[in-house]
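Order of writing sets the chain letters: A, B, C, D and E. Residues in each chain are counted from 1.
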Amino acid sequence: RLRLATTTSTENSGLLAELLPPFEAANDCRVDVIAVGTGKAIKLGETGDVDVIMVHARGKEDNFVEAGFGVDRRDVMYNDFVLLGPANDPAEVKGGSETAIALAKIAASKSTFVSRGDDSGTHSREKQLWQKADVAPAGDWYLEAGRGMGEVIVMAGERQGYTLSDRGTYIAYQQKTPLKIVVEGDKGLFNPYGVIMVNPVRHSHVKVDLAKKFLDYLTSQQAKALITGFRKGGQQLFYVVD
Amino acid sequence: MTLLELKNIVLQQGTFRLQVPHLKLRAGRLYALKGQNGSGKSTLLRLLALLQMPQSGEVYFAEQPTFSAGGRFRRLRQQITLVEQSPLLFAGSVEKNLAFGLKLRGFSGREMAERIGEALEIVGLGGFQQRSTRELSGGESRRVALARALCLRPQLLLLDEPTANLDAAQVEALESFLTGLPEQGMTVVIATHDVAQPQRIDGERIELIDGHVSQVRSDTILSGCPAQGPDEPLVAGGAASLRI
Amino acid sequence: MGYLGDSFITAIELILGFDREVQMTVWTSLYTSGCATVIAALLGIPIGLWLGLSRFRGRRLLITLLNTLMALPTVVVGLVLFGLFSRQGPLGPLGLLFTPLAMIAGQTVLATPIIANLVLAAVSGADRRIISTALTLGASHLQAARQLLREIRFGVMAAVIAGFGRVIAEVGVAMMLGGNIRNSTRTMTTAIALETSKGEFAFGLALGLVLLGVALLVNLGLNIVQQR
Amino acid sequence: MGYLGDSFITAIELILGFDREVQMTVWTSLYTSGCATVIAALLGIPIGLWLGLSRFRGRRLLITLLNTLMALPTVVVGLVLFGLFSRQGPLGPLGLLFTPLAMIAGQTVLATPIIANLVLAAVSGADRRIISTALTLGASHLQAARQLLREIRFGVMAAVIAGFGRVIAEVGVAMMLGGNIRNSTRTMTTAIALETSKGEFAFGLALGLVLLGVALLVNLGLNIVQQR
Amino acid sequence: MTLLELKNIVLQQGTFRLQVPHLKLRAGRLYALKGQNGSGKSTLLRLLALLQMPQSGEVYFAEQPTFSAGGRFRRLRQQITLVEQSPLLFAGSVEKNLAFGLKLRGFSGREMAERIGEALEIVGLGGFQQRSTRELSGGESRRVALARALCLRPQLLLLDEPTANLDAAQVEALESFLTGLPEQGMTVVIATHDVAQPQRIDGERIELIDGHVSQVRSDTILSGCPAQGPDEPLVAGGAASLRI
């Protein structure tokens, strides 16, 4: 039995349901997936309550490894973020390719923007982008929701506002939200996922062999094919690192 | 004047059936209700207090039908007060218990205090106003319940074994008070097991045998008291059984 | 775990520091739960009284349904009301979603069955003579019911406190209908959930302790009112 | 919103379809909440009886504390027990985290104060003569307390049902201590939360309806037991 | 033989103080407890039933101290049964109520049924086994409570106004039954307000005046009944007030 703490995006998109069964079959084991926020997933790794974590927050991952909580960090795949906005596009940012410029326009027009506000990977990225746009967002138009991605998309839809989302979650919500993609494809929107084994030196109960096999598996050709082949709503969600 | 009249009452309660072909209570009279345990005294009193509905028949209050004229119950109930066989006192002080009914009738604070004091004196509990009802003896509780009814001065006062837990001195005091009420126009019905009580209070008898009511001429009539001349046949329906 | 100890210190710091944001969250929690409890009591107490005092066919089934409503998950209430309050929903034009009012509505739905059930239990356990005594003293049915409530006030108070505990501790409705918006609809519980999801366990727990402290104050207050 | 209608149909499909995974979740919910309620009743009923029957200094304060514990947020319970059960916590070596046992522990903590409080309310409302009557008939204090429970069984039942409703509907503890692991610790409520976060509102609500259906069955069962 | 002895008892209850310098109840005797409302009869009976603890003083059962020897209470209580002034019946059937005490004493089903039947016959409620206690009249309830105590055949039977709600026939039947109990070794104490009752049941008097107990020689002694010769002074402590 292997315990994997991961972000909700991988679990909710359905990717893991495709990715895990071959591994489980090959190694005659079970992978228990604990889907939580990035911050909490890392915390679970620190406390040694899981064997492997898979998250997307490069800076935090590096801290995690440096502090000696984890070993053997590997890039698995990446997906990308998109900037979503209402159909009438009050800030007139549609079609742009620079996210930072779009954000600056949103701030300037005081159009509603809903932020994750939860220190998640997406939120960290959003903050970086604001920094790049040289705006310190604050005011009535900037809603810090402190909730999961899906909820924030719904909320932005209800409030006719903008928000930053990962593509996978947006596709899942496409039918339920009036929001459209206004900016995509920007380099600054790429979102790499890393997988880290919890340091067995700190936590002796970590299933080193199995965890190692799991890391090997995730970076194997077989897994890469599954990741690349994974489609939702006809769209590819995750890309492997070559 | 006829205060309350029951006609063709049938009240089924479990296997017990209360039957009152005809019963008439006249204003300003005192009635003693007798009967064995389980003969239906308490049931009849609850019926008279308009607490329990009969399956059939009608109760007339001051010659107006009651049950069939729904809605006017409450005003009628304010003129009828029942002290139950094991009365319940509300939690709190004795004063609060007595004030309950007075408040509902819109008495002012001073009037209330006056009536409460008077009623407590009558039952020999002067100064008990602030006592908690949880800390009373059995007889004291019953007397508080009596005072709670007395202070309302209802037109019809129904007492279910009011002297059951009272000591001899209290029984005497209460009986002498009750016998004075008819003069003030009040009608009183007392259920009792004390064989000598009806005579002591000079009450007209109502007798219950297995749920059958029979109204019996009072001894005072038989002994020819002019104030209560037989202006109509008092015995109505059922076999009248004359007992003391 | 270190964070259990840490959180105590953090909690005390939060309280003594009079942190503006924490105060705001405490106030939102108290305000929404307080309003919801009051409305739920105004609805639930009459329902409990009515079910406890009347006798009709189907009464037991109705009671069982009411029992079941105590198991209403917050997420379900959140989803249903979300459907009503959402822009496309029937009440959309009112713009209630993600406001304290929406949270109050949801919490009222949660608390009402609890209060109704527990008042019903108290009425069922009460002396049957209370009503008839009040009636013979000239009370209307309504006044008699009020006197009954006074006599079983301990049970009614327990019902209300249970309802209050339920809503001030709940997170699903506050999250889904309030939206955990900073400085607006963020309550103690949604803040705790947020901190926890960030991995800030000590801070989350500290907020939890503050919440319990607030609940304790409310209960002490009710206690004093009750003993008056 | 269309999903309100959809969810009804989905709920019926789920029930009639005997979906293996849904069955598993229902079972996990029932099993954990059931165990937690039973343990909480075994703890809470004696506490409520004791507080209701004894008189000592500080009793009112203790009752107020117990009232406050009804406002214990699930996340706080989750956090504290997480601290205990986590690998680094004192009970870490037992490996209880993310197992049904951990959920049962957390839910027991939630339900016990509720049951204790409501039993206390029922005892406080009960006729004081019950105990003394049992004693004069030769009962020990324990046997007298048992007779009291029998007399106030309606109130005790309401307490237990309220406790059960609380835990079967709660999601925080199940999420934090169970971990929402598929085919292992996924309960109805964590599944609903998951589906909702996925945006599968209709499916989430359908699961909620199934949960209410299950709670209804449990309550009907208790009803029949009670009327025996 | 002395069954129960009270020494230097002081029991404070609110503003009321029960004082029993000395009281002796002998096995196989019948005692009538008299006193005004609020004089402390019920309090004394609860004390004798070991339900209420005095602030000071001691109760000896069969010459053994009780309150100071904690823990043995329950066994003692199984030999003392009190029927309270307003007895509480448990919800459910009459049979269940009577079975409660019998079950605690480990009787078999057949013995129980037999004793229950007997006790109900004594109080004139033969066949009432399956009746629900919620559907009884006042007198019937009291008689069930009496039967519930009688079927236990305790060494000491304490009755608080047992005939208060009974009809005349029932009073007579119960009194004649109770007078037979001492012969079987039972000790009976009856609190009553019925002035004639002590004489009818031939009971030794215990009188309470404002919380002060005085034990009075029974009339039968004064009239020289040999069976109850004065082997020791009966009047103990306090001013003995001879009344009937």
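Here is the rule we use: a residue touches a chain if its C-beta (ideal position, glycine included) is under 8 Å from a C-beta of that chain, and two chains touch if they have at least 3 such contacts.
Predicted model only: the values in this text are computed from it and were never measured.
**Student:** Return the chains common to the contact lists of subunit D and subunit E.
**Tutor:** Touching subunit D as well as subunit E, we find no chain at all.
**Student:** Averaging each chain's C-alpha atoms to get its centre, pick out the one most distant from subunit D.
**Tutor:** Measuring from the centre of subunit D, the most distant chain centre belongs to B.
**Student:** Looking across all chain pairs, point out the one with the most C-beta pairs in contact.
**Tutor:** C-D
**Student:** So, what's the distance in Å between the C-alpha centres of subunit D and subunit B?
**Tutor:** 51
**Student:** As a quick test, compute the distance in whole Å between the mean CA positions of subunit A and subunit D.
**Tutor:** Once rounded, the distance between the two centres reads 35 Å.
**Student:** Using Cα averages as centroids, what's the distance between subunit A and subunit B in whole Å?
**Tutor:** Distance between chain centres, rounded to whole Å: 82 Å.
**Student:** Two or more other chains touching the same residue: where does that happen in subunit C?
**Tutor:** Touching at least two other chains: 1, 86, 127, 176, 196, 201.
**Student:** Touching two or more other chains, which residues of subunit B qualify?
**Tutor:** 86
**Student:** Return the residues of subunit A touching two or more other chains; collapse runs of consecutive numbers into ranges.
**Tutor:** If we look for residues of subunit A contacting two or more partner chains, we find 47, 151.
**Student:** Write out all the pairs of touching chains, ordered by chain label.
**Tutor:** Here the touching chain pairs work out to A-C, A-D, B-C, B-E, C-D, D-E.
**Student:** What does subunit A use to touch subunit C in their complex?
**Tutor:** 36-37, 39-43, 47, 117-120, 143-147, 151, 155, 157-159
**Student:** Inside the complex, what are the residues of subunit B that reach subunit E?
**Tutor:** Spelled out, the residues of subunit B in touch with subunit E are 13-14, 35-38, 41-42, 85-86, 135-140, 143, 160-161, 164-171, 193, 195.
**Student:** Per the contact definition, I'd like the list of subunit A residues that touch subunit D in the complex.
**Tutor:** For subunit A paired with subunit D, touching residues are 3, 8, 12, 32-35, 47-49, 148, 150-151, 153-154, 169, 172-173, 176, 203, 205.
**Student:** State the interface residues of subunit D toward subunit C in the complex, per the touch definition above.
**Tutor:** Interface residues on subunit D, with respect to subunit C: 1, 3-4, 60, 64-65, 67-76, 78-80, 82-84, 86, 88-89, 114, 117-118, 120-122, 124-127, 152, 154-155, 157-159, 161-162, 164-166, 168-172, 176, 188-189, 192-193, 196, 201, 204-205, 208-209, 211-212, 215-216, 219-220, 222-223.
**Student:** Quick one: which bits of subunit E touch subunit D in the complex? Just the residue numbers, please.
**Tutor:** 46, 49, 51, 74, 77-78, 80-82, 84, 86-88, 90-91, 100-101, 104-105, 148-149, 152
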